[in-house]
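I've put the structures underneath this note.
First chain A sits with chain B, and in the next complex the same chain sits with chain C.
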Partner chain A sequence: MKIVVCVKHVAVLGDEIRFTTDERDVDEDYYDRTLNEWDACAAEEALRIRERLGGEGEVLVVTVGGPSADVALQRCLAMGADRAVRISFDQTVHDPIAIGHALSEAIVPEQPDLVLVGVQSSDSVQGSTGTALAQFLDLPRVAVVKKVEYDHATRRATCHRELEGGLVDVVEVDTPAVLAIQTGINEPRYPTFRAIKDAERKEISLVSAAGGAVSGYHVRRMFVPPKPEGAEMLDGGPADVARRIAEIVKERLA
Partner chain B sequence: MSRVVMYVASALSFSIFWLGWGLRLRKYRRGRRTSPGAPPQRPPLAKRLLAVASNATVIRRNRSVGAAHLLVFWGIVGIFLAHIVVAVDLNFYPFFTRLVARAVSVFLVGRLSMVYAVVFNTAGLLIIVGAAYLMVRRACSSGPRLDYSRAQKPPEGYSRAGLIAGDWVFVSLLFANPLIGLFMYGLEIRADGFPPSEKWQWVAWLLAHAVRAVGIGPGKALQIHEIAMWVHIAIGLTFVAYIPFSKAMHIFTSGVDLVVADPGSARRLPPPQPGSEHVGYLTLADLTRKELLGLDACTRCGRCHEVCPARAGGAPLSPRDFVLDLRQWADAVGGSPMLLDRELRPGGSGPAAGRAAREIAGDVIAQETLWACTTCMACVEVCPVGIEHVPTIVQLRRRLVDTGRMEPSLQLALQNVGQLGNSFGKPSRERTRWTKDLGFEIKDARKEPVSHLWFVGDFASFDTQVQALSRTLARILHDAGVDFGLLYHDEWNAGNDVRRVGEESLFEHLVEHNLDAFGRAAFDRIFTTDPHSFNTLRNEYPEHGLDKPVLHYTELLAELLESGAIAVRPLGKRVTYHDPCYLGRYNGVTEAPRRILAAIGCELVEMPRNRENSFCCGAGGGRFSMTDSYTQERPSENRIREAAALDVQTFAVACPKDYVMYSDAVKTTGHSDRLVVSDVVQLLDEARVAG
Partner chain C sequence: MNGTLVVAEHLRGELRDVTFELVAAAAEIGGPVSVAVIARDPSLFTDALSVEGVDEIVTVQAEAEEFENDVYQQVIEALIEDRGPGFVLLGFTVNGMGYGPAVAAKLGLGFASDVFRLSREEDGLLARRAFYGAKVHAEVDFPGKERVLLMLRPGAWAPAEGRGDPTITDLSVQVTAPRARHLKLVDPPAGDVDITAADFLLSIGRGIGTREEIPRFEALAGKMGATLSVSRPLVDAGWMTNARQVGQSGKTVRPKVYLALGISGAVQHLAGIKGDGTIIAVNTDPEAAIFGVARYGAVVDLFEVAEALAELFA
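Moving on, here comes the complex of A and B:
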């Protein structure tokens, strides 16, 4: 049993941001980084699937990024993952398709039984890296999974997907497959700082991605949208409110 | 014949006595020696012994009970010495003189006999009077102290009838046996026809008159004397054997524990047990010998139970129950049983589990109990016998943290601190965002030397309500010409609460980071906004290398006011002041804020609970990052109601967490029209005049 979990070291923005001089990204002085919340849930779910199988198997965490992204991997190692791979990727365009392709290059030789990804990343909120990855791996994909039951004998995963209005969509999928994990599926365990320190001593294998995928995705400009005008609350009885609305309409039309 | 019976009975009684203590000592020896580390912060030995002898800690905060205890205490010392003397005089001395001088004699004659008689009788009377008061009080008390209902209710139910029985057996024996003993002498005096030499047995002498008054003749008196003597001896010897198996053992354990106690152990927590494979407490062997002794020192006087803010708010924690549970479990595992003083549970859970408990945290002591503690230290401060609850609770929390057993909200806060250096989950560069609209730049202590380094702390940096207070303080200091600076984004959470939550490795990481930042700055003194940061910087960082004085901002402001650097006019407000736990109780800084209030012409009306007896707001020890477990009123609301009973308009605070907690509690208790929560710095600012 081998489970690969794809994780991202996401940016945490504060209330104040500044953009790079080319206005196409946030100035890195203006954010810190952390493990993506959805990916923490995916890592936790992988560990739990393995625990349910009696602890047999391997949980491998993979990320794409520079050396600073090791922190996200170390967090997962501290939670209990066995091995970590960082894919160095020097392409300037970081869109879901390019990232999905880079991930697939490192994942293919691993021949996993399951690939878990987060539904989305909290910083860029594309929600499509997993889909792209499934395409490159040529594997089935289940989106927005809130519950997983994996049967190792039949190599099938039963996934519950939460739909609008509390409906549950139960999907059975043959594995290997890519599952996009939704938050709320579990409460990720707390890796103590001591465990993180221990994880820092573990080796992280480095893989270079060839970077074959061309997506045609370009960031034009990033900016803070101008604030819309505030709403005006109307008090009083129905007649007063109606009169005031009529006045406003007349004012605006004038 | 009677002598033989007495010798055999005595031998049996003392054997059981020593066996009991042997078992207890064996249990203590299973604990570990206290961690190496900073030496304990104890008063001089003479002072500690004096505290034991004077019962000062028992009398404090409970004068009548303390006074009664003092009578019993010295009564027992007197009775004990008297019995030793009489035993030697009647048994050993004659034997010795027969060997040496070939003549049987006793030494208790003449003047010595008179002194002995007076001491003996007085001591007996002291015990009788003291114990009588304690019994009446126990029977009539209605407060929480002697109410044995548990704070944490086990689903299967429990019975504490054994504890009540143990209390009554102990105090009744204390009352009855000296009375029987004196009565016995009185009967003898009556039987002997009031020999004048016996009048120094003054209580017995009076009793003899009483005996005669009720019409008991000399012959009858002799008969009753015989019975009374055997009853007295039987009770006495049974009591001796009973001591190490009951709360009576506190006669020995409490005094010793008070002498070896380290009152500073909560303000400067001990590190996790060294050389252990696990972090935090898991088994009996993890507890220190001092901790095990402390458990045996508890008399369940209930003072900690009464002052605990968690207990008062209906949270599942009582420091008293914590100690009693831990003791019962330690007794079961360590093999030093109690005869009566035990709690029974139908399913044998919690303390009743004994060896069946896998570990302390979660099995013996419920998780929610450990998490309910605000680490306010009121229990440690009030404990008359030197039990240190807070460090033990933190050791058990360390185990919970190490095994990931905590609330998601707390986990998130810790993750934020670990990854971003603050509990608010904000990028660290936003730490000084509050300084933007000041109109002047605060110096960067990393770039230029300053005389004062301001360690602002997370709340005063990130919380929007408290940021305004930080700006006010910055303006006051700027106008007063104070040379101060910040570490900017190199300041991280100081780790006081992180440590008290039990995340020791993260605390060490924070200390390392902050010390590195201090090392890259030049300054003479540090001052903090937050009393929590103040505590750890002042008491825990020095072990790791910080060698600069640490002040609280109220201390700095009091200095500035008194040197005339800040010009003020009298405000004329009636205010009450809330002592933050980590400022007042932990560090004894109670007067600086009051000096400020006096200097700005505020009339201070004290709440009944003030200074070291202040009442926690409920946010300490990581509680701020957890959901409330109070079933009754929150501690902050309890405190606001206390203040609302006074005729004041202003509730002054000197702690960012207090400001947030009480601003909220004023609203939730419906007092916002009558009571305004103001930080001392706001009041000072209001009083400022152009200088």
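Moving on, here comes the complex of A and C:
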């Protein structure tokens, strides 16, 4: 049993935003990075699927990015993943088709039984990388999965797809398959301090992706959108703000 | 380039609103508009789909009534082959996510998702989408792409309406057996509260920090005469049930007043707030996306405001 988990080291912007000189992206000095929340759930689910199967098999975690993305991989190693691969790739690329393709190059030789990804990344919200990756791997896929029951004997998984409004679509999928995991499916474990220290010593394999040939879009420019007119900021301390809120509420509900 | 292909989305025999929004966006792009509807009996949808702006409805019969991603992918690929549209429009929905990116990856199409604005430029189409927690917008284009598949944000376009007189074409597409098969739909459990009927929602988000804080906001809502609602992270954490969740995967609400405490305003959350009610947002992050849609905003500590409100409504 081999499960591959794809993760992203997502950007978290601070209060101040500056752009690169070509204005096609945010200057990386103006954000922090962390393991994507959806991907932490995907990693946790991979570990739980393995545990339910008696602990046999391997969980491999893969990311696309520069050296700083090793932190996201180490987090997953500390959670219990066995091995990590970082695909070195043009870091300015957000395009899910290009990322999906780069991931597929590293995953094909692994021949996994399951590939888990997060539904979306908190910084780009494209909801597309997993489904594009499934196509490049020529595998079936299920997007927005809130529950997985994997049957290793029949090589099938029953998935609960979370539709709009909380409606659940129960889907049976042949595996190997790519499953895009939704938050709320589990609560990702917190690694112990010891596990974090151990993970820092584990080796991360580096793979380079050819890239370039496959793309979906090209970013022409990025900018901070103007705030819509009419958004009135309430000044003063908490007491002043509360008084104004109370007035507005009374007026609107009158 | 030969017009725009819109893919209709339906669930339990009803067309979803996003379908008509896609038609409106297609009309904005210009050129002939074809709408594809894939169902066990697609003829049930042709009347409702005959709205202004639709030139043709293409009906494709499928074995399963509900969505299956392999079926949609193969049918849309066959239609692209057959019609050669310049643009293919899908909703940025859970179903759309299941096949749209695969079609684009397979056929090498231009592609972008969660697009909320389109504009025609001399050298092609510009699509706008958000990055970095919606704090930044980007204009993206598709140089060298003959065809472009776009997944559009639900609610971003006003739905097309008015009667139209489209031609109806029946198309037969042979598909291979789906590898992911629809079994059944299961409704979320009914809650003890109906937040969709409330005039005044006090809505709390991740900013409250811990589960232990919830009772104080329940009490505050009681004092203010509000109904307590929440954003997704509180439901994911198991602190509240889905019945109180506002957003795409929760409920769609239309309150007169929506007081958001510690809610950043993710797109999926904002998708659940409709109508012309007054949104008041309190958040310590001055760049929080919620301030982009709020009528009133305050950058202060939500606990201090909550305390002051509790005194005012004592």
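Throughout what follows, the second predicted complex is superposed on the first by the 221 of 254 C-alpha atoms of A that agree within 3 Å, B and C clash if a C-alpha of one lies under 4 Å from a C-alpha of the other, contacts with A are read in each partner's own complex, and residues count from 1 in each chain.
By our rule, a residue touches a chain if its C-beta (ideal position, glycine included) is under 8 Å from a C-beta of that chain, and two chains touch if they have at least 3 such contacts.
If you're wondering where the values come from, they're calculated on a predicted model, not measured in any experiment.
Touched residues of chain A, counted separately for chain B and chain C, are more numerous for C.
Once the two complexes are laid over each other on the shared chain, residue contacts for A:R155 go to neither chain B nor chain C.
By the document's definition of touching, neither partner reaches A:K147: not chain B, not chain C. When the shared chain is aligned, no partner comes close enough to touch A:K202: not chain B, not chain C. With both structures placed on the common chain, the touch criterion links A:I248 to chain C but leaves chain B unconnected. Contact with neither chain B nor chain C is seen for A:R48 once the two complexes are overlaid on the shared chain. In the superposed model, A:V12 makes contact with both chain B and chain C.
In the superposition on chain A, A:T34 contacts chain B only, with no contact to chain C.
Look at A:E187: by the touch rule set out above, it reaches both chain B and chain C. Residues 12-13, 15, 31, 187 of chain A are contacted both by chain B in one complex and by chain C in the other. Every residue of chain B that touches chain A in the complex is listed here, in rising order: 279, 401-402, 404, 406, 408, 411, 414-415, 418-420, 425-430, 433, 503-506, 508-509. Within the complex, the chain A residues that touch chain C are 11-13, 15, 17, 26, 31, 94, 96-97, 100-101, 119, 122-129, 131-132, 134-136, 140-144, 158-174, 177, 180, 183-184, 187, 214, 216-225, 227-228, 230-234, 237-239, 241-246, 248-249, 252-253. The part of chain A that touches chain B in the complex is made up of residues 12-16, 29-35, 71, 187, 189-190, 192-194, 196-197. By the touch criterion stated above, chain C contacts chain A in their complex at residues 11, 66-67, 69-70, 92-95, 97-102, 104-106, 108-114, 126-127, 130-143, 151, 179-188, 199-200, 224-225, 232-233, 235-238, 242, 245, 248-252, 256-257, 259, 266-267, 277-278, 280, 282, 285-287, 291-301, 304-305, 307-309, 311-313.
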